[in-house]
Amino acid sequence: MIQLYHVHKRYPNGSEALVDVTLRVREGEFVFLTGPSGAGKSTLLRLLLVMERATDGQILIGGRNIHVLRDSSIPFLRRNIGIVFQDFRLVPRRNVFDNVAIALEILGLPRREIERRVNQLLEGLRLLHRATALPGDLSGGEQQRVAIARALVNEPAILLADEPTGNLDPELAAEIMGLLTDINRHGTTVVVATHDIHLIERYGLRTLALHRGRLADDRPRQPRPVVDLPSARVSQPVALASSPLSSQAVVDPSPDGPVAVAADDFDEGGDA
Amino acid sequence: MIQLYHVHKRYPNGSEALVDVTLRVREGEFVFLTGPSGAGKSTLLRLLLVMERATDGQILIGGRNIHVLRDSSIPFLRRNIGIVFQDFRLVPRRNVFDNVAIALEILGLPRREIERRVNQLLEGLRLLHRATALPGDLSGGEQQRVAIARALVNEPAILLADEPTGNLDPELAAEIMGLLTDINRHGTTVVVATHDIHLIERYGLRTLALHRGRLADDRPRQPRPVVDLPSARVSQPVALASSPLSSQAVVDPSPDGPVAVAADDFDEGGDA
Amino acid sequence: MKRGPHLRYVLRQAWLLVGASPWLTAVSALTIALALTLVGLFAMVQFNASRLLRELGQSLTVQVYLKDGTPPPVAAQVEQRVRGRDGVRAVRALSREQDRARNRKLLDPELLQGLDEAAIPGQPVLEVEIEAELASRGDVEALVAWTKTLHGVESVEDVAFGAEKLRLLFAGVEIARTIGFVLSIVLLASAMFFVFSTIRLSVFSRRDEIDILGLVGATPTFIRIPFLVEGVLQGLCGAVLATLLLGGLHLELRGLVRDVYMLNVPWSLLPPGMVVWLFVGGPAVGLVASGLSVGRYLRT
Amino acid sequence: MKRGPHLRYVLRQAWLLVGASPWLTAVSALTIALALTLVGLFAMVQFNASRLLRELGQSLTVQVYLKDGTPPPVAAQVEQRVRGRDGVRAVRALSREQDRARNRKLLDPELLQGLDEAAIPGQPVLEVEIEAELASRGDVEALVAWTKTLHGVESVEDVAFGAEKLRLLFAGVEIARTIGFVLSIVLLASAMFFVFSTIRLSVFSRRDEIDILGLVGATPTFIRIPFLVEGVLQGLCGAVLATLLLGGLHLELRGLVRDVYMLNVPWSLLPPGMVVWLFVGGPAVGLVASGLSVGRYLRT
């Protein structure tokens, strides 16, 4: 699903954020991306979203080389990728509902469908009572959950999350992780950048470690994840059946089967 | 040092962020403030900085009732309080050096003194090589450290930190905690709001827990802090002697002695 | 997949844009109003100067003074020759007495007191009405040349023609036109610049929003449309304001001209259809300015 | 503890403010320039109209035509009586032949061809130079009344005085003044509004910075000073631009007046000291506008 070949990224000021990174994330995988501050985690996610172009190397998403993607095709690539930014990037002048609805307005869904989906997701994230609040009036954790909701609401083929639990208490963090594993179980490829060693250890999933821009470690999935560290205080598992994502999966539900992202999906279709 | 008596805070939209909170933080104490997302941690810190006024109740800082503080005295209160915001609040158009220097420019220190102090602190936070970068070009963790540097640089009597390690890897988090305990050892009262249970458990300091705006728990300092959780991978202790703060403490170094914040410090002095 | 946003969404977002910074919207609308008002004023001056000159050209008469004592047959002959010329619409012959009677009416009654009839000047005269197309100073010179040819005709003593006055009038109109034109250009350029830059500032102050929309997969068109609608709305407000402003100025100027020049002013000094043009131009300016500024931002 | 910021800090921050959004700075400077240019233009028109009228008043002559054949002693007597009046600076008596000679010079040489000397009009004339203070249309009416009293004097056939022309001139000047005044007020008000709102936008676009400075303990004064310095810098740029603009317009207008009216134009049509005023006014406008906008933001 995601392939990087010898990717380099040097920012204009000279900092080498990524150096010769080669890695592959298969369809339906759940991968942690870790590494100390400044290692290049956010940069890697930015490259996948074509917010930056790699200085060198090739990046393939869904078999398509995004290094040569036309500017006009970028929006269509992004519609297939949900992203949770480290600094949230909510629209300050739109309320919580509208912030989440953006991802669906773009797709031109009917208003009622948008309302149904957004409200369902906000409820699952315990944000429904804040639906009309502006981002500036939310606590840090609430903002983070709005960002997560926006990334999930259009059921993307790939989900990138940058430190999605950094502002959440362990209980909420566990719920969010439940949501992410849930969407992953329905076929979405998930990449989570995080410093939270406890999170990584608890779930025992594949972990890519960056160090000063280089891929330092690629620890495969542990056969038996440690789920019950005494300090984690994980609450009851999130009610998966009530999740808006499980009820109407648009992607193939088998975790290793082919996911419905054809290369052509990134183009503007026949009318371009 | 910090006293709250029956403090209530209701935001204009009706959310009850703090309900009848009464607590006391003594001079030279190091206190963790915890609680689930939306519990009111950030709101409490905002009240201490008079960014918001309490709806009801009294707040005393250094024996002075800030509930009745004149607007013109607020800047002088804030100069005695260093704060690390959850969302950093760096000035986007000023580089790292200038962002940290602001806190000293305000005090009218000589330029050379400012340069010496800022550079020393940036070095201690491993940020000196990014001194001329703009905040937008920093990684999340780097931004967080700039925010910490700004709060520490003028050696305040009180330090408030909102989730100061949320974007840092465990190693850096340990270093920051080292820095905070260091400044605390020299007399500064420190309040750290955090979700990070591991952090709290490792240091075994006094912990105030909020729940839905109410003070739910006040766990006193543990006699023997657990410093070596296997998962924490704490690096060598931070070189305290090289810290800019230990070399020139302006406050009384005895942790329980009277700290040099007289009530009059918040006024504009004789020329007001 | 290239679907545009819903109308409902567009209107809601445009409305939010306006509501989020009413100040910016007001500035933009006001600049557009100012620009339109200036164009309108300039058009008004142009229109009225042309109308005035056209009217002048229609009622232009040249007085051909015949030598005193020219016998009627000779006078009739001269009249005939003048009438046959190009551009002459009508010729009226006045005898010495008729001319004297006319002059008496023109003169100050005080002046006439104690004067006998014979002291009042009078001379046989041909009043030649000329059909002239007065569009520029060149036309005046042509007319002067035309009247000069009459001097050669026998029995013609003098040809009176307000050439100097006309020259002055034309110079005045021309100087006013030039100053108006220069000022209009300067002010219009500034106004356009302001419209462009206020809308650009409006875009600029929302660059976070634009960036974020792009990041979640919105096409440039999708992002642009609410801004374009906002621009059109501002243009419409500007047009309304400009109409009110011009209406007020029009009343003011009409009153002024009537009082100072004691002229009978036509009901409307405004070029016909101007309001329509304002309501086409305002939204167009808003649309173009917002299109340019959003486009520029989105490209970089 | 109430120390202001270092000069070095202030200049650096003001420079950063300018550099961070050169576009905004340019807009503000341009608005100030425009406002100053308009005030300057208005002052220029006022100044020149007054000068023109003052000069007119100084060289005003009234032609007192005496009856043909008035004997020299009577003429001398009339001359004496006119000379004795208030406001008369000089009286020059012209005989019939002198007047005829003067008229010949004024007339078209073509017209004179074939005319005998006697056909050229000529009459004994007293040229009365009047010292008039022409400041308003009322003064013209007073002058008209004054000349009327000459009609009563014996032997005076006619008094020629360009009253109509003067009336027209005054009306023209007055209409220009009024239009100029109304336009200037409208445009100045808009310009002031723009300066205020662009600087307010500049403050607005940096509200994060202002907020943060306040949060780390900066006093409102400390926060305000760089913005005020920025405002003054913008005002200075505006003054420079306005000086250049007015200089250019001045050259243009001088050329125009000289070419169209064929008048001898004084070297400078600009009121003296105007440049000084521009350089006082520009920074003042910038200072006040930025002070108001930062103050407003800091208060809320």
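Note that the chains take the letters A, B, C and D in the order they are written out, and that residue 1 is the start of every chain.
FYI, contacts are C-beta pairs under 8 Å (C-beta built on N, C-alpha and C of every residue); 3 or more make two chains touch, one makes a residue touch a chain.
The model shown is predicted, which means the values in this text are computed figures rather than measured ones.
S.K.: In how few steps can one go from chain A to chain B if every step must land on a touching chain?
M.R.: So the least number of steps between the two chains is 1.
S.K.: With centres defined by CA atoms only, which chain is the most remote from chain A?
M.R.: Max centre-to-centre separation from chain A belongs to D.
S.K.: Starting from the mean Cα coordinates of chain B and chain C, work out the distance between those two points in Å.
M.R.: 69
S.K.: For chain C and chain D, what's the span in angstrom between their mean Cα positions?
M.R.: Computed value for the inter-centroid distance: 24 Å.
S.K.: Between chain B and chain D, what is the separation of their C-alpha centroids in Å?
M.R.: 64
S.K.: Listing for chain A: what residues touch at least two other chains?
M.R.: none
S.K.: Quick check: what residues of chain C touch more than one other chain, meaning two or more?
M.R.: none
S.K.: For the protein chains shown, what form does their contact graph take: line, ring, star, complete or other?
M.R.: Its topology is that of a ring.
S.K.: Could you list each pair of chains that touch, in label order?
M.R.: So the chains that touch one another pair up as A-B, A-C, B-D, C-D.
S.K.: Across the complex, what residues on chain D touch chain C?
M.R.: Residues 23-24, 27, 30-31, 34, 37, 110-111, 148, 151, 158, 171-172, 174-175, 178-179, 182, 186-187, 190, 193-194, 197, 200-201, 204-205, 245, 249, 252-253, 256-257, 260-261 of chain D touch chain C in their complex.
S.K.: Quick one: in the complex, what on chain C touches chain A?
M.R.: Where chain C meets chain A, its residues are 1-6, 8-9, 16, 20, 206, 208-209, 211-220, 222.
S.K.: Write out the stretch or stretches of chain B touching chain A in their complex.
M.R.: Of all residues in chain B, those touching chain A are 11, 13, 34-38, 41-42, 86-87, 133, 137, 139-142, 144-145, 162-163, 166-173, 195, 197-198, 201, 231, 233.
S.K.: Mind pulling up the chain B residues that touch chain D in the complex?
M.R.: Result: residues 49, 51, 75-79, 81, 83, 85, 89-94, 102-103, 105-108, 111, 150, 268-269, 271-272 of chain B touch chain D.
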